[in-house]
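What follows is a structure written as structure tokens; I'll ask about it next.
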Amino acid sequence: MSTHGPLSEEGLVRLLSHTGERLDHPDFGRYASELDAARLRRMWHDMTVVRAFDQEATSLQRQGELGLWVQAVGQEAAQIGSGHALRSSDFVFPSYREHGVAHTRGVDLPEILRIFRGLQHGAWDPAAHGFHLYTLVIGAHALHATGYAMAMARDGLVGTGQETDGAVVCYFGDGATSQGDVNEALTFAAVNDAPIVFFVQNNQFAISESTTRQSRVPLAQRGAGFGVPSVRVDGNDVIASYAVTQWALQHARSGAGPVLIEAFTYRMGAHTTSDDPTRYRSHADEAYWAERDPIARLETYLRGIGELSDEAVEAARAEAKELGRRTRETVKAWGRPETATMFDHVYAEPHATVAAERAWFSRYERSFADQGAHA
Amino acid sequence: MSTHGPLSEEGLVRLLSHTGERLDHPDFGRYASELDAARLRRMWHDMTVVRAFDQEATSLQRQGELGLWVQAVGQEAAQIGSGHALRSSDFVFPSYREHGVAHTRGVDLPEILRIFRGLQHGAWDPAAHGFHLYTLVIGAHALHATGYAMAMARDGLVGTGQETDGAVVCYFGDGATSQGDVNEALTFAAVNDAPIVFFVQNNQFAISESTTRQSRVPLAQRGAGFGVPSVRVDGNDVIASYAVTQWALQHARSGAGPVLIEAFTYRMGAHTTSDDPTRYRSHADEAYWAERDPIARLETYLRGIGELSDEAVEAARAEAKELGRRTRETVKAWGRPETATMFDHVYAEPHATVAAERAWFSRYERSFADQGAHA
Amino acid sequence: MTTMTMAGAINRGLRAAMERDPKVLLMGEDIGQLGGVFRVTDGLWKDFGGDRVMDTPLAESGIVGTAIGMAMRGYRPVVEIQFDGFIFPAYNQITTQLAKMHYRSQGMITLPVVIRVPFAGGIGAVEHHSESPEALFAHTAGLRVVSPATPQDAFDMIQQAIASPDPVLFLEPKARYWDKGEVDESRVAAQLEGEHAASAATAEMSRGRVAREGSDVTLVAYGPTMRLALQAAEVAGADGTSVEVIDLRSVSPLDSDTVLRSAKRTGRVVIVHEAPTAFGPGAELSARVTEQAFFHLHAPVLRVGGFHAPYPGSKLEHDYLPSLDRVLDAVDRVMTH
Amino acid sequence: MTTMTMAGAINRGLRAAMERDPKVLLMGEDIGQLGGVFRVTDGLWKDFGGDRVMDTPLAESGIVGTAIGMAMRGYRPVVEIQFDGFIFPAYNQITTQLAKMHYRSQGMITLPVVIRVPFAGGIGAVEHHSESPEALFAHTAGLRVVSPATPQDAFDMIQQAIASPDPVLFLEPKARYWDKGEVDESRVAAQLEGEHAASAATAEMSRGRVAREGSDVTLVAYGPTMRLALQAAEVAGADGTSVEVIDLRSVSPLDSDTVLRSAKRTGRVVIVHEAPTAFGPGAELSARVTEQAFFHLHAPVLRVGGFHAPYPGSKLEHDYLPSLDRVLDAVDRVMTH
């Protein structure tokens, strides 16, 4: 591993070593103090279930039931750790790989697959979950998140010290940091003291490109350039991911403005089911990171302190299996949407062109029915 | 004046105090060592002439001879200082206010007014002067400059230690730092080690908006976020502006990659002749900065050391006057371009639509001539 | 009735909308203390404060992108883009996000964002300050694109645009900012207090109108070219050709029904806009009229627009732009059939 | 003659261009080691190195903007935009800079930049991966917009685009990437070694061609819809309607002369494209054909295109896109006159 530049491990906040030993940190250790064994078990459970779902989705794609699947394997600690730090008054803007965060926000995981089965572009009610839709145009949502945070502050939901105080967490990848929109978001957030946490999952790749193609220096440094306090965390350490997010959210909710977190992690799978990582990375690299698996790490720790029983493991396995079954059945049961729904929701109010085309299309479709009737 | 944030004077490199005393600086002092009295006199002379031209253009606009004029009054030290550090192997990408830099690159000042008289959008040969056209879309040229610098490196014009080594200097304003393109340029420049100097003239305003609307922190901090070494300089100090640019150019030409300079200055005039600064800033503010006039400062110093004679002052005044006369005459002598030239240079090769429209237009114009002949 | 310039009418309309609904916010470059480079927001910063009249960083993508986020929380941002030529940094946000979010969310999210753009030419400006990009937005589903031609419409339509739940590109013909007209302030106020106000407002803003009746030729225009169209009708009338003038007011939706009704009577249609002719708004109008009224037409639909060239230096702009002569020439040509 | 897929033909064309001229560089996301998400640049990174096949940061504006800078120093960058829906972050650079620099500099600067875009739908993809934005570029003067429909054209036209001094948007119908065809590699090679190679190449790339002769109806298509158009002609032919099929190949310039020659014979024109119909490329073609061949037409020009709605989820895309039935329906309709 490189010792400087964007892939160095320098300055990473870490509260659990990759061999499963619990560590302390002078600044951030205390933000994990509320994580008792029960809570950690819950996080382990969530990570396990989310990974199983992820694998189920991958096999559904292989079977032709989904057009595409975007795996999050390897990034569970960053996602479940940060997700657990959120509360209902917060609001999340994911990019498209945050299935773990979705799970912590109460999105029923199979619902996500509506997108990947080609039924619709958005698959849950953002307001109900405090979890916006996936955005596929890299970085575009960073501005929506910033505007949303500005609006929260305007609505008095920041700095009161009440439970109603909230913040926005905006997730994006290492590649996204190169987009103009992400940098504009840092500017808008900073000058408006917007209550937002920019959560960069540096999974070391933007499809095939190493993070070294996006930056000379660790991505956490980007924040300071805009006057945004920043921290680098071991994103495969669920405890540290939780702690820094807790810190960041408290900062943002208090009205002190934006924060940037770089969670240094590794995309263990392919970019998507269309990708072939053997073309651009080595087995050695993959093996190095397999040893740093975020779930195994927590498991080792919990087992070591006697807080993960075989029953708990079995329960998680059973839940995962049941979720897998339910996912397969749900996906296969989805019908094709009515054709005419493609004209719905283009506008909120009637639009003459849409109305005319919809009318034409229904006459046109009827003409086949009529022909059929005559034939 | 604020003592922190983007308008603080903290950390400014300064080699000439605003009362005209020569200062030293541990890191940058030596980059001004080649500036003997003759050279400083030349810089004073250039600043004086450029300002006179600027005022002439303003009055031409008032007389209706120009549609618009963009004044650079107050920014002469930043422009002439940095311009003097350039050599012919360097290449400049200005925004639209760099008349001083244009002058150092051998652009005949009146030529600039072709743009502002509405004759054409670009008014000099960029290759002949190593000085690109003005770009009016804020920040867009930062990427062109970066690509150009990448191409220079590719052409072997960097890091050889020869006189052929060159770098690009890209000028833009404080407001421009908020644009996505400028931030993308920093990324592309950094990861490619491009030989480019980003020269931000922080003149404290983007039209009416204070720099505090663009950033929480001094703009020089932006560079570090991308791993780009940066420096803040007193942009009303021509010696320091020269010195930091000299340093930056040497760095970039050597192949060490990009540098960012923030020249802290003040736009003494209006944004353009269409602007009315009384709507958004105080006389007190203007008075404070009038005392920091970049030309007066150097004049005081040179007078103090007995290096600016009355004759030299008289010579500059005469040259300025002559330039004013020539400017007026040149501008008024320009004819209107041939109408059909609006179809020229849309494409480098024939394009059927342009050809058809040009043909139609010439038939159409002839039809009036014919009618005239018949009438 | 009050006499107002178009700029004044928009200013009054914005003020009325802000008074009506505290969720209405203005965002843009220099719109606060300065009142905007055209002074369209003059006085609003003083009266509503910097929290509702927000000077933003100099980044159009950021402006539109954060406006989208604010709209998601129930605000109604009215964004000013300083000039037509500077909307393109926001193009991605407008095209892939603003236009598509309602659809993406199956109607769960509405984005009542208005983007005001002083547009079109004729004011002797430098590059990028005189363009007519409406076709580049009308092609994208999810956006509405409107342009007023009179102070009355400017006053009404800015408020209707703000009341509409759909994103609206509100194109202000900058050369007409200082033209004066009578404005009745009460009608739109009543509409916006009525039942189904948003629907009524959206529908009305989306309809064209017959601005002058005639029987020989249908001359179609909107925003910047309306004055020219009326002039041409006047001159042609004096020469014995009766020209009906239609003010489209809306480019998306394009109110082709109003045009078709007229075209079926006159059998001759000319459209005039400043946007380049090739792939411009007139192409769509021509195609629709031909599709739907082919057997009523005596002559092909003719288009008078800008040329397929970048907007030239201002010394040439009056040759680049549709002129009275060019419109009359087209009217003459359709009249030969 | 060699049998190639369209993707393979573009790959071979890129390789030939890079061998011919060391100034040709490729830039884009994932085009290096990975060979691009569609493998169109497969093998080129290995053979030409990372200096000529550059994996760029993930920022489309940055890619096009730096390509402009490199072109100013004599390079010929060929940029890959990963998917149609991701070209919009670069829209400002393309529209205000790439298209206008030649004009702005009075011809002193030429920008031979090619922007390759896998475009159009039909591959079952998620949002933003199936769009047809050509009209959003053809409206802007200074850009050329072309799209090949066969491996031979793909091979020839990519090299002609690179040889052209003008910026070219090179739209690759991604659903046709794996269609095979015979390719003669020698013709374009000879053209590009000849005198006035750049002019000859630009001119040829800008012309449409009659892909199938016929006498009753002129059916116009390009790129993604050419296969459909030929199918429709086949089926209509079996039903006794003789359909002439024109492959436009170029959207800007639009080769209306080739269409007009045919339209004046057949009197009936149908155009089919995947881009939304409203304000789409067919509108311009319809308007021009009507303007210039009105009295030869038996029926109005009809358009078959995408609807005025965002590209839907892939389960619905085949209803959104022009289908054989919709094309035949339009052919039937023009034949009723």
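Each chain gets a letter, A, B, C and D, in the order it is written, and its residues are counted from 1.
Here, a contact is a pair of C-beta atoms (placed from the backbone, for glycine too) under 8 Å apart; a residue touches a chain by one contact, two chains touch by 3 or more.
These numbers come from a predicted model, not from an experiment.
J.: For the chain pairs A-C and B-C, which is connected through the larger number of C-beta pairs in contact?
T.: A-C
J.: Of all chains present, which has the mean Cα position farthest from that of subunit D?
T.: B
J.: Indicate the whole-number Å distance between the mean C-alpha point of subunit A and the mean C-alpha point of subunit D.
T.: So the centre of subunit A lies 36 Å away from the centre of subunit D.
J.: Could you grab the centroid distance between subunit C and subunit D? Build each centroid from C-alpha atoms only and quote it in angstrom.
T.: 31
J.: Express in whole angstrom the distance between the two chain centres, defined as the mean CA positions of subunit A and subunit C.
T.: That pair's centroid distance is 40 Å.
J.: So which bits of subunit A are touching at least two other chains?
T.: 120-121, 137, 178-181, 184, 187, 191, 213-214, 346, 351, 353-354
J.: Would you pick out the residues of subunit D that each touch at least 2 other chains?
T.: 56-57, 59, 61-62, 85, 88-89, 92, 96, 100, 103-104, 127-128, 141-142, 252, 254, 278, 307-310
J.: Touching subunit D in the complex: which residues of subunit B?
T.: 120-122, 125-127, 132-133, 135, 137, 140, 142-152, 154-155, 180-181, 184-185, 187-188, 191, 344-354
J.: Would you tell me which residues of subunit B are touching subunit C in their complex?
T.: Residue positions touching the partner: 67-68, 115-121, 136-138, 175-176, 178-181, 206-209, 213-214, 274-276, 279-280, 336-337, 339, 341-343, 346, 351, 353-354, 357, 361, 364, 367-368.
J.: So in the complex, which bits of subunit B are touching subunit A?
T.: 177-181, 183-184, 187, 190-191, 212-217, 221-227, 257
J.: How about subunit C: which of its residues touch subunit A in the complex?
T.: Interface residues on subunit C, with respect to subunit A: 51, 56-57, 59, 61-62, 64-75, 89, 92-93, 96-97, 100, 102-110, 141-142, 144, 164-166, 198-199, 202-203, 206, 252-257.
J.: Which bits of subunit D are touching subunit C when the two form their complex?
T.: 85, 88-89, 91-92, 95-96, 99-100, 103-104, 127-128, 135-136, 138-142, 252, 254, 275-276, 278-284, 286-287, 290-292, 294, 297, 299-303, 307-310
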